[in-house]
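Here the structure comes first, spelled out in structure tokens, and everything after it is commentary.
Per-chain numbering from 1; labels A, B, C and D assigned in written order.
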């Protein structure tokens, strides 16, 4: 009995290892880039999907009129050229004649008009609608020109048009209502197959107007566990991968066969204080908290130093030197004095909410902040929440404090108009508003001169940090990892994967 | 008393008993913060220190002493495990007993509800409860308790049905003993044996489930630590700081091993049929 | 057979119970499909936009009417459309189910192939050293959380040998057996390991019980040799509790092993339901849970029938 | 006569240190071919262990032969010492040269294998028969043990046959390969007396046909008279007396043998019946049962209508005077227990009226009637101490446990012959006999007028039985108790009953004064019952074999039995007229 039993077990194991090795060797399609990410897209309708994981996929399939390049300057996409009228109340676009949809039909002005009308129509519930309210009417003098008539000058409009949420879709598809199910865009790649939360197969769009793509296609697999992604990279099962968690990303450089691309992003880690709730309604308390937080220490512990401390403005051209901002160097004495002045000498207790795993460093940040604020008597109770429960609570502003990672924009106005303007939709979440903020925002919106806009918005930043409704912490990086055999990928501050169009497999 | 001597004379009882005893001591020390370092104290300069004489099991991402957090973690996991299993036992016993005793309609109703809970995938049931009530120690307790109540109901109902037909219950009926007297003195007392065995096994399962929930981010909430949460957090640091995974993994494995061995010993001791075999 | 009839009668009742539990429980979770899709941007929606999205997701009518409509649909075999996948729920489930089914079957094969002989081996060498070793090994198997075993296997294989089961997508057995087995063997071992431990313990105690029964003594008195006393007389009777245990466990496995699927990145039923809950795809969650509950009940019924055929002593009249 | 088997100074021990835990302490005997040796003794006397040592099955039960020798003369004349033989050799002997049958036929056959397969196994092992040959041989084996319609029965599963039938299958299996020695370990103890008679007859006949030797183990010395050539009486692991049958039965030397023959109840066809009671005319009966009917609905499957019901008890009526004992006698399936349980309210009667002199009792909580059950190990809650067990009736009747109640408990314990300190002990610390005394004490806590005893002594050892019966008689005289004594053991009934009611298929077929019913039975069933009872003075009697089964009690719905006509035989003795 004994002998028979052990030999059966050993032979079973030997078979297992042999099969595993054999299965790895079989190559996927030759010149396809094998890629993996943790968070899969949640939908295919470019006008409705704000989720970062969806935008990365849709940027490869659809194209907006214009887009940002590496240094966030606006470059042509579907539109070859554009210009504001002198009074900035009219914006004319000339379409690239070679631009064609993936079914071969050329992109016409009518498609552009239909797309923007779809975005503006409330029934579509398009995400970026708020940024285009200044469009009064859209005229198409000929097939290749589109004229936007504006109700008031709106400089950030052009930046807003550079988002995939304003992608150009075929008018015929709109009428047929198949935008959400069939992915037909004018972008560099065609979506051949999509199994949500499992895998996507993309093939290169031969007659893409934007130039030649060096790879035949992309096989994307969804690996929910980032250690698995690292393991897949190590065993050459994938050529390219997106990584969220800095703890995993920092392991990539240790592998000789892998390269880690690190690109600073506009999204900012922040500790939001709810100024509409006692005792955070007291300015001194908010300032005390801001002074008690050691931002560099939070960055070093939660994200192992991967990132840099930042003020409210994170986009190139507007960022300022963080050390000049109010209380950006930890000053415990000042913090304690402020607390005493506010009558909270022995502190108070509050709850901070954070979403589970979104961002990956949320729990760590909460725990570091908890121990830092304990030094001025603020006893924090951490409440980790499942993502959607967090979003629901966050939108209702139903929290004392919240650890968050909020998206950034290339232009300060669309980034903060929802929080720091009197008519902002997310006023409840910001929990604070005053006239200086509102007037600075309006001035910034209409000001067309870039230098003057920089001055306006840096005043806004100084004021925000002083009034400290939120404690801005740091910006981190978006990571992509690739085998040494992959070259030519350029990351962008918006974390877009558009750089894959330039990638070569050698 | 007699039971302890019996447990320690049984081969697997000896091993299981000592393990569980050690864990109970560690859990008590942990719960009363009698640990080498303050488990919540962040010595951030010593982040991710390898095990040394100062930090016996090294430090975690925030420079907290892993040994102290492990002791606190054992306390927390036991707290969650014991209270969840206690809840499930009480609920299961009441439902199982009444179902066995009153039979027919009530029995049908109770067992159908239990079937519904059993047919529902366990981890998803726990997930739904936690998502509704928000994660936290007591919601995990409730979630695990609700998942185990059907199992306990069945473990109680089976033997209760067989005891109900035993002659000493008939005798009690002939005196006209009251229903509650028969339920408590005759049925309940004789269910102690199968229940104790099930409790020890359920404690082992609850540790596993708590670890599973923490892995999905729904178990114990930071900065508190439970064995499951420490395991889950160590996932992405597996290569840079392996001690963060090894110590909690061993701790959870040995504690469950202890419970299983104890459960086996109790089954042999309390179940008269097998008592003769393990002379 | 009144026992079978009674069991069949309770089937729809339990399914109804499950449908009510899942339908209302998921709607009690804060955050709905809109926040799931739009995240923080949902705050920017104007009332009209929110209204049209609610209609799109079918969460605008009162809850009872939603339930009634859905139930009617279920009876007609239409489990509704998944919002995220844009496909009928049933087709998504049937796409993901082969993986979970194969994983469940393979884990059971691993569990029985390892557990049964080990249990019988331990029982026949009762109380000797080898019995204790097998039992402690079985215990260790049952004491390790399967996600820890999974993590360690992945780390050891990738760092140590540079090989790894293919992840992310599932190649059905028929299309490419080699690649399929390569992908499924390790998760099956991870899942089967803990399951094998409980099979060992159950079969050991069942064998010990059976070996002390009268008919084994009768068999010996007939001069039946030691080996066939175990295989022809003892094992068929000891199989009964093992069958019940593996049946119930198989029923659970059909619900998908969420944790193992997560680690090995297998698009199985467990992950499908988990993601559906996180994305508040109500139709998909309800469809999946009904499907899993249905399988669980069918498997339990089959186990009962097998139980009766294996052991004629249980007259059908008195079971249940 | 060459001795087939010669056992000298056999010593067998159990557990880790067998020497310290010796059960059989030096037993020797010789057995010639074709001879039958009976080994008689009570439980714990080591008789079963001796039997199990002969074919070394004792090794599997945790025992070990630590001394002496067992020499078996094999077919080819060679002599083998079984104590030294290795397992493979023993496997050759078991089944082919030594057959064995056991006490519990219901559990001695493998439940999942058909009867045919289990018999064919012996032929396959020792005769190399396979397939159709083996099946034919199995069918012949079944015919030989007089099992009707054998071919169909081959595919039956064990649970489809009655105890008697199963024991016949066991005999067929054991004798399949015509072993030269059959060891029968209490083969009929678990069977009804009429079925026991048929099995004994079958064994006697098979012995004559095959000339096989037999070792017959039993605790009932009466049973041995009809079949044994030699007797060996064992007590506490030693053979206290052995010799030829008549030698030992007529002139017992050892006091223990004498005790077994005299003190232990033996059936003497009515001569030993009690005469210490006479019924006074107008006294109100302690218990009057009239027209008791108990029927259980047989639930058809979901779809077909109810198929009718089991008529367990049909129109039973009798009365019971204070101080009098009425015995209800019948075999399993006759409805005697159901009658007792119906009176106590444990079973809901379909019709019928009971009255005690304290008025009619409607439900079970009448303290006047108490019950003592059959299995002493199951009728006491193992988790309760004796004082709370005894207190239960008082609490149930609404009383409170005062020291006065404790005094009463102590008195009762003394009265039933148990030490006063037993109040603090648990049931598992008492022997079977002591537990039955506890049950009796519990029944007397509320000074009942009627005590129903359902097979109260049948689970006890023979000598313990005698003492408990004496106790019951004394208590009856002291407290004027009325006993309703349900039993299947005629020897015990003869010792305790004033009047006897014979029950068959749910109906009283004969009732009357004990002496007249036993000495001159009228109804055919009573005659058959009494003739089947083994007794010492009927030596080497030839029993005729009849294989009639107990009739099925299932009747179509709405069936009512015909009105009973009675024939009178003396002042207090009447029998049901037979068709």
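FYI, a residue touches a chain if its C-beta (ideal position, glycine included) is under 8 Å from a C-beta of that chain, and two chains touch if they have at least 3 such contacts.
Predicted model, so just to flag it, every value in this text is computed and none were measured.
Asks: Skipping subunit D entirely, trace which chains still reach each other through touch and list those groups.
Replies: Result with subunit D masked: one piece.
Asks: Write out the two chains that share the greatest number of C-beta pairs in contact.
Replies: Top-ranked chain pair by contact count is A-C.
Asks: What is the chain whose Cα centre is as far as it gets from that of subunit B?
Replies: Following the centroid criterion, the farthest chain would be D.
Asks: Using Cα averages as centroids, what's the distance between subunit B and subunit C in whole Å?
Replies: Here the centre of subunit C sits 22 Å away from the centre of subunit B.
Asks: Provide the C-alpha centroid distance between subunit A and subunit C, rounded to the nearest whole angstrom.
Replies: Measuring from centre to centre gives 38 Å for this pair.
Asks: Can you give the whole-Å distance between the Cα centres of subunit A and subunit D?
Replies: Going by mean C-alpha positions, subunit A sits 86 Å from subunit D.
Asks: In angstrom, rounded to a whole number, how far apart do the mean CA points of subunit A and subunit B lie?
Replies: Averaging C-alpha atoms per chain gives centres 43 Å apart.
Asks: Could you list which residues of subunit B touch at least two other chains?
Replies: 131, 235, 238-239
Asks: Listing for subunit A: what residues touch at least two other chains?
Replies: Within subunit A, residues 225, 227, 386, 389 contact more than one other chain.
Asks: Chain pairs in touch?
Replies: Per the contact definition above, the touching pairs are A-B, A-C, B-C, B-D, C-D.
Asks: For the complex, which residues does subunit C have touching subunit D?
Replies: Result: residues 1-2, 5-6, 213-215, 217-226, 233, 236-237, 310-313, 315, 317 of subunit C touch subunit D.
Asks: Contact residues on subunit C for subunit A in the complex?
Replies: Contact set of subunit C toward subunit A: 29-32, 35-46, 48-50, 52-53, 56, 84-86, 95, 113-114, 117-118, 120-121, 124, 130, 151, 154-155, 157-159, 161-170, 176, 178-179, 181-183, 185-186, 189, 262-265, 267, 271-272, 275, 278-280.
Asks: Quick check on the complex: what are the subunit B residues that touch subunit C?
Replies: 11-12, 108, 112-113, 115-116, 118-124, 127-128, 131-132, 204, 208, 211-212, 215-216, 228, 231, 235, 238-239, 245, 249, 252-257, 260-261, 264, 267, 273-274, 277-278
Asks: So in the complex, which bits of subunit A are touching subunit B?
Replies: For subunit A paired with subunit B, touching residues are 225-227, 245, 247-248, 250-251, 297, 300-302, 356-357, 360, 363-364, 366-368, 370-371, 382-386, 389.
Asks: Can you check the complex and tell me which residues of subunit D touch subunit B?
Replies: Going through subunit D, the ones touching subunit B are 15-16, 62, 341, 344-346, 363-365, 367, 369-371, 373-375, 378-384, 388, 392-393, 395-397, 439, 442, 446.
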